[in-house]
């Protein structure tokens, strides 16, 4: 039988993860976890909010798994929590939404969330601790490092390399065979046609207002 | 048992709506409706084309529902018809394509069309009288006002606000937490990264021809 | 019973086609075919690599079908092989991934690959020998000529015309009612808002590096 859960985070991503596992999936979430200095309220969604030491005391790894639901604004914290939870002996589940399409020859690592209609093609290799938002597409033979966040409808064409800890923004496009170095931030709507050295920020030109609507 | 239908409009959207309800869904469409001054042909797809007064005489609300299938070129007319049909006592169905993915905690209002592979995440709130074309993505916690039209593959990231009567063009990108005021027209391929006051028009730069193909 | 297969090509597309038909679909691929001058290795995925004359000797059309799996870098070769295979009396299968959504009133021609979550709306007309990569959207009433390649997540809005032998890049956007002439190359992320005469190349502006990431 699946273990019960503790979810790390109290933001909108944690709310969604609670919805997937608990409301829809029937796997109870017994608590939420935060770094002690960020705890503002004693409860979230009716469950206690605890620091990690308290989680370990009350919900040990023989009965509970943890899911780190920290979003794109804090990738470093998401990686740090992932490593700390693993070091403490917990396993971490993954969640693949039923409407997602992940090829049968792709392995999904721990603490990975693959949301509605996300798509992972055959021959892709996925690292651990990934967030694939709805309608993301990771195309054939692409390799994705750990701890990345793909915002809604981001598209990675075939045979690309995405380093660890990258953020790929909403509806961004990474062309085939491009290499994105570790820690890059690719903005929403960006078009990446060539290799990106590590730790770069790429922001697409936003669309300006041209006139008033006449209707 | 579902009531029979009258569809408002005789354009390509009306043809699609007829296909979904009648051809695929087994709900007969008995007539099409138009404002009297726009009636050019007595029939469309083999059914009579009638003005609203005639529809009310021949197909009353105890046996029929109406679906307003007026597309993005006439948002004001779509809203006006929606209100007139409701005022006349008709209910209006919605249609969610089987390949679409609408979260269980999202309510779909009247006269809403959610086409192939459109996606509505958990915690979204949808107004009435919406058209979501194929592959549209409305992400978590976003609020959408009534009478909006989302063209194919338009993406709204999480926690955004879309006002009433907006048009969001094909493959446009609205970033998370942005507010789009009422009546905005966001062009195809646009990238919206900041709030848009009401009634604005935003057109993305189109891609020009660079050279001749060599193959 | 379905005939056995020979796949033309030994690249990543051929590998995917082998995966779909043979690994997943239980239709054995007995060989791969190449023009004689391109044969470098005697085997690919454990099957012999043969020129077309040898294929015809060993795997005749009464027992075998051919699938031409030549990708976007060689559209002319893909068309040439398609015509040669047909002239030699072979039939060519098509493959529609189970997660794709093709309207019931759309006919799929020979040697067409429709990959994961690709979407073809009602009233679309498709030519033969097409590749629709994952998450491509071909919207209502659009007409697509033969031998085209649609890269991942390319979007064609409604009632457009796409000529023969076009390449439409990853996440490109073709607005509604636009006509794309034969042999056009529409780059990744391009936004096409007006008709494109034949044999044009359209490349979108790529996103540049703006600064280093601070996290």
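Should a chain be cited, it is by its letter among A, B and C, assigned in written order, with residues numbered from 1 in that chain.
Operating definition for what follows: contacts are C-beta pairs under 8 Å (C-beta built on N, C-alpha and C of every residue); 3 or more make two chains touch, one makes a residue touch a chain.
Since this is a predicted model, take the numbers as computed values, not measurements.
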For the copies chain A and chain C, the interface residues, called same if over half of the numbers are used by both and different if under half, are different
Rounded to a multiple of 5 degrees, the Cα superposition angle from chain A to chain B is 120
For the pair chain A and chain C, the C-alpha centroid-to-centroid distance in angstrom is 31
Residue numbers in chain C touching two or more further chains are 117, 135, 153, 171, 204-205
Listed in rising order, chain C residues that touch chain A in their complex are 12, 15-16, 19-20, 23-24, 97, 99, 115-117, 133-135, 151-153, 169-171, 188-189, 204-213, 215
Touching chain A in the complex, chain B uses residues 75-76, 101, 103-105, 117, 119, 121-123, 135, 137, 139-141, 153, 155, 157-159, 171, 173, 175-176, 183-187, 190-194, 196, 199-205
